[in-house]
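The chains carry the letters A, B and C, assigned in the order they are written, with residues numbered from 1 in each.
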Amino acid sequence: MANVILRDIRKSFGAVDVIKGIDLSIEAGEFCVFVGPSGCGKSTLLRMIAGLDTQSSGQIEIGGRDVSGLEPSDRGIAMVFQSYALYPHLTVRENIGFGLALAKRPKAEIAERVGAAAEALQLTHLLDRKPKALSGGQRQRVAIGRAIVRDPKVFLFDEPLSNLDAALRAQMRLELTELHAKLGATMIYVTHDQVEAMTMADKIVVLNGGHIEQVGRPMDLYDRPATPFVAGFIGSPKMNLYTGEVARALGAGTYGIRPEHLLVDGTSGRWTARVRHVERLGADAILHLEAETPGPITARTSGDAPWKAGDQVWLTPMPGKEHLFP
Amino acid sequence: MTRRSPYPYWFFAPAAVIYTALFLLPTVAAFWFALTRWDLYTATFIGLDNFRQFLAEPFLISGMSNTLIYAVTTSGLKTVLGLLLAVLLTSGLYAQGFLRTVVFFPVLVSTIGVGLTFTALMHPTKGAINVALELVGIDGPGWLTNPTLALFSVALVDLWKGVGLATLIYIAGLASISPEYYEAARIDGATRRQMFWRVTVPLVRPATITVITLSLIGGLRSFDLIWAMTKGGPGFSSDVLASTIYKQYQAGFYGLSTAGNVILFLMIALIILPLTLWFNRREVDA
Amino acid sequence: MTRRQTWTGIAALAAATLIFIVPFVFIFLMAAKTKQDASRFSFAWPADWQLWQNFVEVIQTRNYMLLLAYFNSTVITVGAVTGLVILAALVGYVLQRRPGRMSNVVYGFILAGLMIPPAVVPTIWVLQGLGLFKTLHGMILIQIAYNLAFSVLLYRSFIGTIPRDLDEAAIIDGAKPLQIFWKVVLPLLKPVTVTNIVVQSLAVFNDFTNPLYYLPGKENVTVQLTLYNFQGQFLSQFNLLFMNILLVTIPPLIVFIFFNRQIVAGMTAGAVKG
């Protein structure tokens, strides 16, 4: 368990700056998620912490030690790749024990540590298989086992769930959260999926265009997004955001209201709107509306709401839930 | 802040040593020795005399023109027949797999063995080819004894041995064309001939480039088949640059032989480089 | 399969048999004939089958020269192909994984190697200087140098299909560069290594020109050179010459039967990419 501190990390490929000065402190034992759209620099940042890429300037500390010049294997980290990166020619046992074998640990120790990791991940019966003979979820576990056996101070995850189907992804989210609780290790997790970020993180770091938009606990980001970008990125369906004349009339540079924070009424309210389309998800229904002010808008109501396309309704933002950005 | 790359350049080193010593160094040295009278121990600088001799002696000049004729003939025939065979052998014929095997196998066989076999088959009076022609009332020519025919006879054998490779490359090229193009063309009402010219030929272009380039380089450097069949004869009628190089080497004219090498090098460079550039430019335009 | 396809197929089969198989049948028939029978060159059944006698006689000719030739050819082929596989894999690996000016230069030299005809007499001069002229290991090194480019290109394009994540996982596991190559990458190159071994074995075994230049002398004779050397001697004994051709044709045939797929993969590499 160790904390991770990034000091003014910058990275440029040629003339292109991909990371534009990042300062960040991750506490020991924290589950920290880097989230952002593709190309925001989240993976690059993770790879620099791993030591697979080198920062152009700045300093990385893991557990109070400056690791900037160290080889990846000397940093006390382990990494789980998006593709899992299991060695196809080695068995599960050899995959998990590969790093220990390279470090020339005694055979008995390797067997014991591999066994323990396999036990923890319910992989014991699969130890002699090759990765090709495993399901997606099993491969995922082997990749995690390979990380655990290194006994790292920090776990790094690079979009580890993006190759799984939706059901398995939900299950693995739970397993990873439990693993974190059990190991109590520092984990840094990269994803583009805000659901993964919200459900798993102690701390979310929202990245955009090579800089940090906001750092905070999931509900802090949801309740008090610092920028319109964060407001739009966190939460689903997306927050309704307005700029220009509309926002100015509402007293802001950018005005935002979440679909779930709009009251829909058939007789009275703040804004009149016409229903264009209704998406019924079962428990919820998403209304797509055309309001006179502020314009096209989305609202979330209970699944049995009576509205249908063409209906005239009234919308009222819940008090205290409006977001006004300068 | 730079750490060492996991892909160190010293991985190149062992290969680079062998390649440089035995291939690059001799290639560069050739440009010097071509300007000398040379017996492997002492080289006397004689300027461009070796090249002058090459351009003055009729049999050396014919060696150069024969090289071109041979390369263009074999390359052209392999390209055209290779494509036709490939189309035929991907059309779902009876015994298609067996036919592919049969057409390809000569590629793997000893060139010298093939050359000697066809020398026997092309014997003017006893050879099986002329005996067969006689049966249908044709008086077969002296395939390898007629000076105007010898080079082309060898080229035909080269085609026999090499067309399988061209076919194979074309088959791979055809396999990479999505069937949807043909389905779309059929819906547009294209005939088989139109499909061949408007779908197959343009889309199989990368394979065509490979076949032309490979067979042209091979044709220009060709030596063993010619040597096995005619040794450049009758007279010098089927001599090419590569056989001239060997003959001058055997005769001890090392400088002259090396000049032949330099000429062959330049000839290949002057043909292949512009061709490659032209192919690549067309690719960008398209 | 339509009726028309069947008939075109049968016609093609007949033509292909005539053109591509008859010469091999001819070799076999000639190799089975007596001396007088063979000298008629006719495409006829042997009057008297002498396959075994001819085989024994060819082997015994010139003090078992053919056996020596097979031995030499085997040594050269095995040595050259082993070297080619290891050296070319190393080059192809770094070439694919580390793009940059250095790799561009190396790549340029590799392409040149596919095109440029070797300068023979200067090569002999270099070999003499190194004490490698007329030696088997000299010949092995020559075959490595001449065939390197092709092998490197095969490896380079195949390595492109191996995810870099694997290298990086190994780096994090603490592997050193040579360990990454040896323990992670090389085992995954097995298919293209088999292709390389098969295609280059055939190329080296069938090579005639380079032994002709760089391996003169009776004790260094290779299989292809025996054909050339015997040609003069067997001028009146075509049955033996063709027995020799038959023996030289058999190894490629065996390789072809077992490794058809790998050969096809190797020979068509780059056909699609251009």
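One rule holds for everything that comes next: contacts are C-beta pairs under 8 Å (C-beta built on N, C-alpha and C of every residue); 3 or more make two chains touch, one makes a residue touch a chain.
Since this is a predicted model, take the numbers as computed values, not measurements.
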Self-check item: Chains most often in contact, by C-beta pairs
Solution: B-C
Practice problem: Select the chain whose centre, defined as the mean of its C-alpha atoms, is least distant from the mean of all protein C-alpha atoms. | Solution: C
Quiz item: So, what's the distance in Å between the C-alpha centres of chain B and chain A?
Solution: 58
Quiz item: Taking each chain's centre as its mean C-alpha position, how far apart are chain B and chain C in Å?
Solution: 17
Quiz item: In whole angstrom, what separates the CA-based centres of chain A and chain C?
Solution: 54
Self-check item: Multi-chain contact sites of chain B, meaning residues that touch two or more partners
Solution: none
Exercise. Pull out every residue in chain A that's touching 2 or more other chains.
Key: 71
Exercise. For chain C, jot down the residues that touch at least 2 other chains.
Key: 171
Quiz prompt | Interface residues, chain A side, partner chain C - complex | solution = 50, 52, 71-73, 77-79, 81-89, 98-99, 102-103, 146, 150
Practice problem: Can you check the complex and tell me which residues of chain C touch chain B? | Solution: 1, 5-6, 8-10, 12-13, 16-17, 19-23, 26-27, 30, 40-43, 83, 87-88, 90-91, 93-94, 97-98, 102, 106, 109, 113-128, 130, 141-142, 144-146, 148, 152, 167, 171, 177, 180-181, 202, 206, 208-209, 212-213, 223-224, 227-228, 231, 238, 241-242, 245, 248-249, 252-253, 255-256, 260, 263-264, 267-268, 270-274
Quiz item: What part of chain B is in contact with chain C in the complex they form?
Solution: 4-9, 11-12, 14-16, 18-19, 21-27, 29-30, 33, 38, 40, 88, 91-96, 98-99, 101-114, 116-118, 120-121, 123, 126-128, 131-132, 160, 165, 168-173, 176, 205-207, 209-210, 217, 220-221, 223-224, 227-228, 242, 245-246, 249, 254, 257-258, 261-262, 264-265, 268-269, 272, 279, 283
Quiz item: Within the complex, which stretch of chain C touches chain A?
Solution: 163, 165-166, 168-175, 179, 183-184, 187-188
